[in-house]
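Note sheet for the following structure.
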Amino acid sequence: MNAEVYAVIAIPFAAAAILAMLPGYRLTAALNVLASFLTLLAGLNLLRTPAAADLYLIIDHVNIVFIVLNTLVGFTAAWFSASYIGHEIETGRVSTLAVRFYHAMYQAMMGAMTVALLANNVGLMWVGLELATLITVVMVGLYRTPEAIEAAWKYFILGSVGISLAFFGVILTYLAGQAALGEGMPAMSWTLLHANAARLDVPLLNLAFIFLLIGYGTKVGLAPLHAWLPDAHSEGPTPISAVLSGLLLNVALYALLRFKMLITASPDALRPGPILITMGLVSLLFAAFMLYQRRDIKRLFAYSSIEHMGLITFAFGMGGPLANFAGLLHMTMHSLTKSAIFFAVGHIAQAKGTQRIADIRGLSVTHPGLAVGLGLGVLAIAGLPPFGVFMSEFLILTTTFARQPWLAVIAAFALVVAFAALLLRLQGMLYGPASEPSHAVKASSLPFVLHLILVLLAGLFLPSALVAWFQRAAEFLG
Amino acid sequence: MVDFADPLIRMALVIGLLGSATAVTALLGRRALVIAYPVCIVASTIAVVTDLSVLLANTSSTAHLPIGLPTIGLRFRLDALSALFGLVVNLGVFAAALYGLGLDRQSELSPRVEPFFAAFAATMNVVLIADDAFAFLFSWELMSVTSWALVLANHEDAEARRASHVYLVMASIGTMALLFAFGGLAGPAGAYDFATMRATTFPPALAGLVLVAVLVGTGSKAGIMPLHAWLPLAHPAAPSHVSALMSGVMTKVAIYGLIRIVFDLIGAPIWWWSLPLIILGAATAVGALLYAVLDEDLKRVLAYSTVENIGIIYVGLGLAIAFKATGLDSAAAVALTAALLHVIYHSWYKSLLFLGAGAVLHATGRRDFAGLGGLIHRMPKTAALFLVGALAISALPPLNGFVSEWLLFQSILAGPQFSEPVLRFMTPVVGGLLALSAALAAACFVRVYGIVFLGRPRSPEAAAAREVPRLQYAAMMMLAALCVAGGLFGALVIAALAPVTEQLVGARLPGLGTGPTPLSLIAFDLARSTYDAPTIAVFVAFSATATALLVHWVSNRRTRRAPAWDCGFPDPSPMTQYSASSFSQPLRRVYGTTAFSASEEVDMPTPGETRPARLTVVQVDHIWNALYELPAIWLIAVSRRANVLQFLTIRRYLVLMFGALIAFLILKAVWL
Amino acid sequence: MPDALLMLLGQGVQMLLVLTIAPAITGLVRLTKARLMRRQGPPLLQAYRDLVKLVHKESVVAESASWLFRVAPYMVFALTWVAAALIPTFAAGLMFNWAADAIALVAILGAARATLALAGMDVGTSFGGLGSSREMMIATLAEPAMLLVVLTLSVTAGSTRLPEVASFFLNQPLAVRISLALALIALIIVAMAENARIPVDNPATHLELTMVHEAMVLEYSGRHLAMVEAAAQLRLVAYIALIACLFVPFGMAPAGAGPVAWLLGLVSFLAKMVAGAMMLGIWEVAIAKMRVFRVPEFLGIAFIFAFLAILLTFLTKELIG
Amino acid sequence: MTHTYDISHFLAGLMLVSSFALIYQDRILAVLQTFAIQAIVLSVAVAWEAWVQDRPHLFITAGLALGLKGLVIPYALRRMIFRLGVHRDVEQVVGVGFAMLCGLGLTALSLILVLKSTASAPSIAREGLAIALAVILLGILVMITRRNAVTQIIGFMSIENGLILGATGARGMPLVVEISVAFSVLIALFVFAVFVFRIRERFDTVDVEALDEVRGDRR
């Protein structure tokens, strides 16, 4: 495996080590951005490298997009967090010590996620994912408010149990592979397993899939395993919320997808479609209804993340070239859009000095910039053109209706319910007479502008390379 | 190398102009706002010319851009049907933009309106030329979003916020339905381009499913009952020239979607497809007017009357389907022509009326009947033009409203030719309902005009009203002229429609010059029916002037101004004149008691009491309560229940997780 | 082409005819009623005298009246006159019969009504509004009924053009059809409502609670009132002529017939008018005026009948071309 | 070769029994001791596997299990319990009997599952796997039947014992050591977290339910 690939992993971890030693939040913040930028460059660099795989790492059409996406959002989130954390320190919500530790953790988390994405080894993938989870747990607790600690503790417990179940799934996968590939490392290498899918021990594989579904499903935030997600999003610092929604959920889903590919490739294993469809629809409906009762702006969008993860899972459950393609597209679009929304929300919460939706009114009067950012973001996430989410939802719903009309009706119902809730809150926040207090806030608009531009472009035009990757991956997903 | 001979290139230019106007006004803000309306005027002019040329030459050109859906791309097609609706849209845009240009440059120049106005115009044009499902829905949804933003223009008003919310939610429901429709038409393989859909023939079951989806999808945007509820909320809330666009034009775009899918894409119709259209349409035509005739808000009344006209159009389309499905092509042509004619004409007089309402609002700052009156003295020009619109929408000859009405009745007269008993039964019923709605429309607009423009002013604002600026007047003038001309020269318009009817039902009406005079209208053949508006107009004008002259000649021309006859109780207060509610009281008693279970409570103080007597009217909007209020309540209730899950203890969450695991494991143990 | 000239002439004759006989018909109705009530009653020419008198009086216009108030009477008169002139009376296929078919005719009468209702609201007194609102309420029931009647006959005759309808029934062997009977009753009821006759309205009263049409025109005087009155008389003629043309077209000169046939038609037409007027008079004496809110039920009957008629026609009608 | 099977089977069985004991105990200290025993049994079992499969590096895992989970953590937790003064707490949420019944059910389920799934695999792996799964499920059961932070940690650790057992039972599975180390770190974190979040000081109880009072989004 060539150096470019290692670079993507090495840079963040090295940066984490350095940042852990450096004092002063301005410097560390700057370094944090720099490191993320370097990672982004390394990630983009991977676009040129040919697909390759060894026993530990892999770079192919399935994960390349997510790696680039990861590094990109990592960079923008770091950029955003620089200004955000600056404001937090000025208002004294966090201590400088905590911040120092925060930046180190940030890089470590990015590294861990990249490992999970690059891993060709079911064990290694597990390690990366769990490492990322644990780090985010600590960061969620950063503010040390009772709410934050409650959220972190819950995340911690549920996450760890998820970890354990996922690990048992890994063991089972190994045993399933052992029948075909003999003892030792090869039986854990994804490529080899996938190549010999026909000869795997099917019952064990099925059992493994269940454990992995529950284990990683907890990370994806599928109902009823979602409980940690809303609070972790809303009580932690906003950059982390953005990374959680934008990346960690994706990574977990990506892990699930790898296993789905595996189980699809083995002819007489169970068909995961119905299970995924059920979990997806349940999450979708549940989240849609939960949106109405939300009083906290970040929790609102956390639930919307659950909703979209549900939709994506549903799409992959439907399967077929179109639905899978749409699912992959939706993953990308959602992570870009949702993180953009969280960027806007972070500044809005700072501008209004609260996260209570009821206390945020008339933004379009007081903070036009933020209002536009939030408005476009929400319209985009609600699947309205000209943004990319519209395309993916278009594909998902049309193809579903052509095959299973009733499922499409249920999904559409849930989407409309969710849309109504989001729109209601959006109008309340953007329009009407402005609410007091409202401070000026030096928002770094670059991150969400960048994201929205990307989403907008995707809505109009997808580069052929991306399409090709997604189509190949879609075939694999069956 | 672009050649502007290609109509699509010209449409691209139009859309480009509008899009850039949007971009510039949005980015530069107040400084750039002035350019929005001029650009819209230029663009719509080009578009009108283009559409007209395409319609008359009956050409059809296509284009294909390598963006949009992968492997499908964006496809565009401009044929006679698109051109026809393009005419409707762009004439409306032209008038509205002209009116907007006349708006007070300081106060009403708003960064919340201009950018979206241009974008709105652009999206409507794109919908009309879209030739694949993605392009269609993309622009369709964009159309909803931009108009939503326009409704929110005066966002301080809580009513406007509520209206816009209801509107966009309804729109998204519609979009979902259309997604289903196109999903069904495209099939699992995802053949999203219209050309393929045209080529394929669908099994009846699927086609029926698609039809239902289309009815919901386009109906929710066109405002067919019971999906109309957003319309009387949203249209009044928007700035008046935007209301004119939404009511006069956007609803027609929805009709276009319906025609495009049902007549063009699905393929050969089955007779029972017509039933939902006919029944819903007829019910809407009457029901909406019952709302309108009892309502107390000028713009809301206009919105309800839009709903009514949509109903009439639906009836026409339904009859066309029925006739076509039973092989009566010439009758189908008559019905379809009636529907299309109504589309065009309604867009004219409804825009005119909304602009007039805008003028009233602009002059008095009031929309409620209780605060208007006597404006014919203060703003004579507007009053005259509004009168034209009011008479036209009441389907009174020789104005244009009557032409489409007449054709529709002609097509109903072909009802006995149906072989299907159901249709034979339906047509006279529909005929009766249409007749009722025509009469109700007359009553409704006599009421509107009488209350708003005639009589004595009911509020100081109305008493101090001033005539609108010249440009607004010009916009209304243009539309009024169109209404009159459309009434007199309907035959010409119908001749222009021939290509479309040829394309959709494969038949056309008897052409020009087959009647007694070149301009007389003939539905089937000379023996069966003729209507000659110009002759009648000349006739009436002649006899009216002749009589007037004669009478003035013989009579002594003395005219004395005196106070109105007051029955011996001199009371100058305008409160003594008939109010809107008192005007509609007989109608309320006759129709309202059944439709809205309306009731009156009279609180009559006993002699000696000083408090005033009080009469309160109670009306119930059953549709709203049953189909909008109830689901909303239910939704909130469910979400409250579900919200318990936000506040469980960690242990319980673990139980949930564990439960899921065990459930799956048991499933596995049992089945695999 | 002398033929065209002849038809033009015929058309002119009819226009003058309806105009000249209109007051007489109203007068005849009054006379019949008076005689039946054992009163002397005004002479037939009284109606003419009234008109002339009104024309010569100065006309008083309310201060709050607008131009619409002064234009309306002429418009109403003209519209009604045209409507009356387009109905085949003594001969079918006159010059302008084709200009408006039955549906258009109904609409023209509707236009006249709407104009008058607007004029009623112009001054802004409670009387005018009251009259207009009741008039329009009645119209919402009467107009559909009339339209349905027209449709029934058009379907039966296979054309909406009155000359064709008339000639169809002329050439048809005489037979009583239930649908036609229903249609006739409906049309008669409508005619009463539209002409403000008892039991719907009382042309002779000026009592606020009961009057409809009179309340609407209460503000008019002098030449304007003359126009309104004349219009009302013309409307009565038009309706009787319409009933005659649709249901008892016998004696009417067929299209393309010469002056001789016209004379015959003229005689029969006048006979029909006289008969109609006298029947109306008798009927009005025979029954009492009903309360305004009983009127909808009364007109409802018309609507039901007309509806039944058209339903029967549609369901029984054999396929035509 | 047969007694190797007997012995590993026997040790696995012992772990299962200790898991049931965990469910049965209702006093924190007793739970803690039972857990310590289970950890020791685990280390023996792992050591045995290391010898049988002769993968010496598994001895590290065994050592970790013995040292960390057998001695250090129990000691730490014991001190914590006394510091928090909860050593007398009885905090079963559901009755012991019911919990035991559930435990039996879960064991049966895991046996059925594994025996059905692994018809082909070598029997030793099957038994080991089945019991490992049972231990894991029982661990979760402990977690959801206890209210106290400390006992939840213990429950989690016994889950993790089950995992190690399964991992070592899976012949020649790589990364087991690394992962067991990772787990130990995780558990250390866990214990650490109780202090980090200073649950006691903030909520003046270790009763986790108390946390739910401060859930956001209540206002």
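As written, the chains take the letters A, B, C and D, and residue 1 is the first residue of each chain.
The rule is simple: a residue touches a chain if its C-beta (ideal position, glycine included) is under 8 Å from a C-beta of that chain, and two chains touch if they have at least 3 such contacts.
Quantities reported herein were computed from a predicted structural model and do not represent experimental measurements.
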Report back the single chain whose CA centre is most distant from the CA centre of chain A. C
Across the interfaces B-D and A-B, which one involves more C-beta pairs in contact? A-B
Which whole number of Å gives the spacing of the CA centres of chain B and chain D? 69
So, in whole Å, the Cα centroid of chain A is separated from that of chain B by 44
Length of the line joining the C-alpha centres of chain A and chain C, rounded to whole Å: 78
Report the inter-chain centroid distance for chain B and chain C in whole angstrom, where each centroid is the mean of the CA atoms. 35
What are the residue numbers in chain C that touch two or more other chains? none
Where chain D touches two or more other chains, by residue: 113, 116, 140, 143, 208, 211-212, 215, 217
Counting only residues that touch at least 2 other chains, which ones in chain A make the list? 153-154, 157, 161, 165, 203, 206-207, 230
Identify every two-chain combination in which the chains touch. A-B, A-D, B-C, B-D
The residues of chain B that touch chain D in their complex are 646-651, 654-655, 658, 661-662, 665-666, 668-669, 672
So, in the complex, the side of chain C touching chain B is made of residues 15, 55-56, 58-68, 74-75, 77-79, 81-82, 85, 96, 98-101, 103-104, 107-108, 110-111, 113-114, 117-118, 120-130, 132-134, 136-137, 139-144, 147-148, 151, 154-155, 158-161, 164, 208, 218-219, 222-223, 226-227, 292-293, 296, 303, 306-307, 310-311, 313-315, 317-320
Over in the complex, which chain D residues touch chain A? Could you list them? 113-114, 116-121, 125, 129, 132-133, 136, 139-140, 143, 152, 156, 159-160, 162-163, 166-167, 170-175, 178-179, 182, 186, 189-190, 193, 196-197, 199, 202-203, 208, 211-212, 214-217, 219
Residues of chain B touching chain A in the complex: 67-71, 133-134, 137-139, 141-142, 145, 152, 155-156, 158, 161, 164-165, 168-169, 172-173, 176, 179-180, 182-184, 186-188, 190, 192, 209, 635-636, 638-640, 642-643, 645-646, 648, 650, 653-654, 656-657, 659-661, 664-665, 668, 672
The chain D residues in contact with chain B across the complex are 93, 106, 109-110, 112-113, 116, 137, 140-141, 143-144, 146-147, 208-209, 211-212, 215, 217-218
